[in-house]
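I've put the structures underneath this note.
Shared between the two complexes below is subunit A, which has subunit B as its partner in the first and subunit C in the second.
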Partner chain A sequence: MSSVLSESKSAVTPGGPARTTRPTSKIASRRQRWGYVYVAPFAAVFAVFLVLPLGYALWMSLHNKGIATAGRNVFVGADNYVKAFTDPVFLEGLWRVLRFVLVMVPVQVLVALVAALLLDTLATRLSQVSRLLIFVPYAIPAVIGALMWGFLYSPRFGPAQDLFGLVGLTAPDFLSSANIFGSLVNIVTWQWVGYYMIIIYAALRSIDPSIYEAAVLDGADRRQIALRIKVPMISSSMVMIVVFALIGTLQFFTEPQVLRSSAMGAIPTDYTPNMYAFATAFNYSQFNYASTLAFSLGFLVFVGSYLFLFLTRKQSGLK
Partner chain B sequence: MRRSARRRGVAAAAAMAVSAAGLAACSGGSGGAAEATCTNEIKQADATQVTVWAWYPSFETIVDRFNETHTDLQICWTNAGQGADEYNKFQTAIEAGTGAPDVIMLEAEVLPTFTILDSLVDLSEYGAGELEADYTAGSWSDVSGGDSVYAIPVDGGPMGMLYRADIFAEHGVEVPTTWDEFATAAQDLRDAGFEGHITDFPTNGNALNYALFAQNGWEPFQYDAAKPTEIGINVDSPEAEEVLGYWKGLIDDDLVATEDAFTTDYNAALVDGTYAVYLAAAWGPGYLQGLSEADADAEWRAAPLPQWDPENPVQVNWGGSTFAVTTQSEQPEAAATVAKELFDTDEAWRLGVEEAALWPQWKPMLESDWFTGLEAPFFGGQKINEEVFLDAANGYEGFSFSPFQVYAYDQQTQALFDMVENDTDAATALGTVQDGLVQYATEQGFTVTE
Partner chain C sequence: MANSTLLSRARTERATGTPVGQGRRLGSHVVLVLLALYFVVPLWWLAVASTKTNAGLFGGAPLWFGSDFALADNIAGLFSHQGGIYWIWFRNSFVYAIAGGVGATVLSVLAGYGLAKYRFRGRSVFFALLLGSVMVPMTALVIPTFVLLSGMGLLNTMWAVILPSLLSPVGVYLVRVYAQDAVPEEVLDAGRVDGAGELRLFFQVVLPLLRPAIVTVLLLTTVATWNNFFLPLAVLRDPNLLPVTVGIYNWQALSNAGAGGEQVWNLIVTGSFLSVVPLVIAFLSLQKYWQGGLSLGSVR
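So, the complex of A and B:
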């Protein structure tokens, strides 16, 4: 904008650049001032609802207040953090979400990738309908989805008993502690695959078709085009969805929290680190330790995603 | 240039004004007690308003009755969720220092949890001590400590045994009166071809399991609100081990189911003939009648809870709630009046009994001919109050809960689930809970005696 303006001014007065410099900078600085005004509403909301609560939570995590030592917050430095990282419950929760990451992220990404590649290749009406159908679960709020699956898994109300009965088998108890892991993986995959599929599909659509023509001329078949051309060309989108899935899984909360109402034994209150922080704060009224847990988890999520982005910097184009 | 800048300035200012208004609107929603929005209609606009959180069924009729009969006081009622949902909000309000109502409905079992946070007003300052004679001994013991009174009792859950008379008759099995007979009946029903289980022992049946243990003399906590930082923890006592061992034996023989309580599956199983017995509190009959998928041929009857020693019967209680006044209230006297007077008339209690199926702890109603003579159509006209629950209510002597009861329940749920799932024994399960609670209490700054 400013360059256009200065050009037009210098066009009117071809005297010299010296005369135009000062007014331009004045305008620029005034503009900058207005810029702050424009940013202000966002900055205010950002400060009030993000920066301040984060600062307060950090402050709380450095203090402590036992139930029996009522009312007073005592500064304890890093004590809460030492406790958190030696707390077997927290560590077990972390190990559990790590196992979820190892299983759930590859499953989601693979299913989404295969679906997107197929839909990209097919151009029938069926593919349009399928695209919508795969995406629909994402449009259902996570809580509703988990409640719904709770009913589907129910041994009494769910369809599993009838389906297995048709072939003379007994359905497994999806809500037992042995099967709950797989049941949760299934819910999350069902919910998120559509969203990831759309991202990959959009990336595939943006590839120039002439590249495919060139590949065909070079004798590539469809499988080779998919694996050797399409997948490498959308690697930055792939990195992005893996980061989404990674962060979402480390912060696993909604689905187990909702399903807990029908499987209290199999899903304890401290099943994932986030659930543990929630219960510690709101059920056991230890807001200080809960802040510590939340901060520790946030830190680990940050480290995890940073590490992943660093390792995949070539693929994502961040380098 | 100038003009356009000014126009933009106006636009920006307008945008800020809009977002500021948005913020103001947000903060307005969580405003103080005075401008809170009520679920009910205020009858006297000029009167002092007292905010109340409660989740009783059909509570609006009782609030309306109060507001119609009081000219200087009006209740502004909100349902802030049931049980844990409400407690979570209350805990948050306590931590935030603002946002709690004047009067709050709390179950008796969580009173110590909140008294230790200094969040409940001692109502003896407002004449609550004089009401002791109006309430059953057990319920008064649950709300008071020394001379202090932290809440006004409302309803209770004296325990009895609801059973399917048709199932017992069909299989020719006698209805048990002791726990020994109960175990035999469980086996006899199975031998006679009954496909269900005699009953369920839910590993998450926190307060139910507490009551079952307490019936054998279990006193897990020694806690006095007057000495808030001292607690005795004795969860793994021989009494509890005996009861839990008894149930573990029935579970091992597959005579008792171990389904989680309060799930949709469990609710269906209660009424569809899967279980022959529902070990229930006095609010249980109301709960049963509200469930769908019921077996149409069911013939429900009530009997006293089986006993360990029939010579010395022990009565226990499961659930029950109270009204407490919060320390955040700026009008504790008015709030105390509401807590005392919400349920202190025959008319209010008739509504409570008929509309909400509450069990009164208020003696004038409890002992009235109308209440004792009530016939329950669901139980074939049986006078279940007189025959079963009145004895249980009068025999209940109170129970001491811990100031971290939610945590204690969660620990117990986990330990009992592990016991069933991994087939460990009762002593191990109770020992795990004991160790966990002692460690937790110590961390929280309590002086713990075991």
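So, the complex of A and C:
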């Protein structure tokens, strides 16, 4: 079976050796410069809206501006970073999104994996319809999704009281400080599982079914096929999904921001690092400190996802 | 004998992935239907609630229609409330999504193809930068972008939303990965031998070959711009420039904070419902394109 695995792996490696022996005549090498023409428009946008803002954020984070400096930017070195990483509000926000990562990412990936594995074993009409229905929330803007769940959670509008009443229970207050964490996890899970499921499902469909036949001959049962063959073979998709979920969760902003006005007092303006940076910039006009917060968060996200990719390089096939 | 029947069963069930017993299938279906319900019931609530009056939203069964069917009244309300500003937001969302989506797709296709098929100086450095930038959280860019746009005098204009939306490193990456295999060198070389210029090759040979990747990137970037919230929230002040997401967010914040006259719950609900209809229809009708395409980058 290992030979089957390695064969199917080499089959998807792009290109092949033919590419390395390119003709290197003068005309051919001049032609390669067309590459600049194709890449230039994107490179311009990349420079202006990614490199420049990042560089500018770094510059602003190393300066300060205020009444004391007569409204001019003055170089302050790492002062802002010292302030940020000793700022209890920022640290608490970081710790909170980290807790969201620890709960939300496994929940999303697990539900998506279970749904995709079920879909992969069933090819009925019903399962096709289910696949579509599970995916639909991806098409709903996060703002609208959060707003809608805000209504559903609300004791004034929502069906929770009725549904819990059916089994003789009282619905909890989803928007209280004690429950808001779980309520937010639920919104994000609802929004993203369908998308992750489609990615996993497509990866499952690309596995050569003759591998399953071989496994059946060897006496493998359904669970073994799922856990020992399917999951390892789609590990690169799983790694990608975890990275997406990780990056998205650390930047958590839209859902708590929208739910804030429904959940009276349960979500402060500095609930997540991104909300804190936003409030610092637009409520208090402290753009230097806000840039420091944004740059620090961006840096941590970058390092975090890079570290994760490095640790899982065997599974993802990225070397 | 036993082996061969097993094998033939495995073969007949190939389309379904793995062999499954009848009882198991029932169980799997039940789990699947429960999952589908979880994902769809909130949307059902939204659809039903959009047919209710402000008073009807507070009483009666939340998951079923009320005594009066007020969808038409609510839509009329969206035309009259604040001079019908909702429809301006709706139009703005379309402008942003189409300009941002099409623009980002054009740039991604050009750059992805250039990176895949031309070996120019600096190519690998640029590709490494691109891969790194996929991991840069876009929200970290919003605050410095705000200050930069303010310097360029573009704050509070449509450009403030459209221009940053043109950036899609993931789009470039997807096209590059796809073009590597989908556009064979032999085809390009054959075209060159026939005397076709590089641009003609691109338009007549390459573009048709890249169609699945183009549709996927267009879908991803359009959805991303349509759903965008943080950027327009930061860079737009003029109510007439807001996309529907930010506009409804403002209504909701006002209704939660404000007195009776500002509480337009029925309009918020109906407005939310109408704003999700275009994308849901687009996804359902373009199924065959995105189902394979969304996983482009992950299969390898």
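Basically, the second predicted complex is superposed on the first by the 281 of 319 C-alpha atoms of A that agree within 3 Å, B and C clash if a C-alpha of one lies under 4 Å from a C-alpha of the other, contacts with A are read in each partner's own complex, and residues count from 1 in each chain.
Note that a contact is a pair of C-beta atoms (placed from the backbone, for glycine too) under 8 Å apart; a residue touches a chain by one contact, two chains touch by 3 or more.
Note that the coordinates shown come from a computational prediction; the quantities given were computed from them, not determined experimentally.
Of the two partner chains placed by superposition, only subunit C is touched by A:Met240; subunit B is not.
After overlaying the two complexes on the shared chain, residue contacts for A:Ala279 are found with subunit B alone; subunit C is out of touch. By the touch criterion defined above, A:Pro155 lies against subunit B but remains apart from subunit C after alignment on the C-alpha atoms of chain A. Once the two complexes are overlaid on the shared chain, A:Phe181 sits clear of subunit B and of subunit C alike.
Of the two partner chains, subunit C is the only one that A:Thr124 touches; subunit B does not reach it.
In the superposition on chain A, A:Pro41 makes contact with both subunit B and subunit C. One of subunit B and subunit C touches more residues of subunit A, and that partner is C. Legend: residue contacts after superposition of the two complexes on their common chain; A:Phe85 is shown touching neither subunit B nor subunit C. Within the superposed three-chain model, A:Ser261 lies in touch with subunit B and with subunit C [touch as defined at top]. Once the two complexes are overlaid on the shared chain, A:Phe287 sits against subunit B and subunit C alike. Shared interface residues of subunit A (contacting subunit B in one complex, subunit C in the other): 34, 37-38, 41, 45, 48, 151, 156-157, 261-262, 282, 287. Within the complex formed with subunit A, the residues of subunit B that make contact are 1, 5, 8-9, 12-13, 15-16, 19-20, 23, 84, 87-88, 91-92, 94-95, 113, 116-118, 203-204, 228-229, 260, 263-265, 268-269, 403-404, 406-407, 410, 413-414, 416-417, 420-421, 441, 443-446. Listing the residues of subunit C that touch subunit A in their complex gives 3, 6-7, 10-11, 14-20, 24-25, 28-29, 31-33, 35-36, 38-40, 42-43, 45-46, 49, 57-58, 61-63, 106-108, 110-111, 113-115, 117-120, 123, 126, 129-130, 132-133, 135-148, 163-164, 166-167, 169, 172, 177, 180-181, 185, 198, 202, 223, 226-227, 229-230, 234, 245-246, 248-249, 252-253, 256-257, 265, 268-269, 272, 275-276, 279-280, 282-284, 287, 290-292, 294-295, 297-300. Contact residues of subunit A toward subunit C in the complex are 12-15, 18-19, 22, 31-39, 41-43, 45-46, 48-50, 52-54, 56-57, 60, 111, 114-115, 118-124, 126-127, 129-130, 132-144, 147-152, 156-159, 162, 190, 193-195, 198-199, 201-206, 209, 212-213, 216-217, 222, 225-226, 236-237, 240-241, 243, 247, 250-251, 253-254, 257-258, 261-262, 274, 277-278, 281-282, 287, 290-291, 294-295, 297-298, 301-302, 305-306, 317. The touching residues of subunit A, counted against subunit B in their complex, run 27, 30, 34, 37-38, 40-41, 44-45, 48, 66-71, 151, 154-157, 177, 261-266, 268-269, 279, 282-285, 287.
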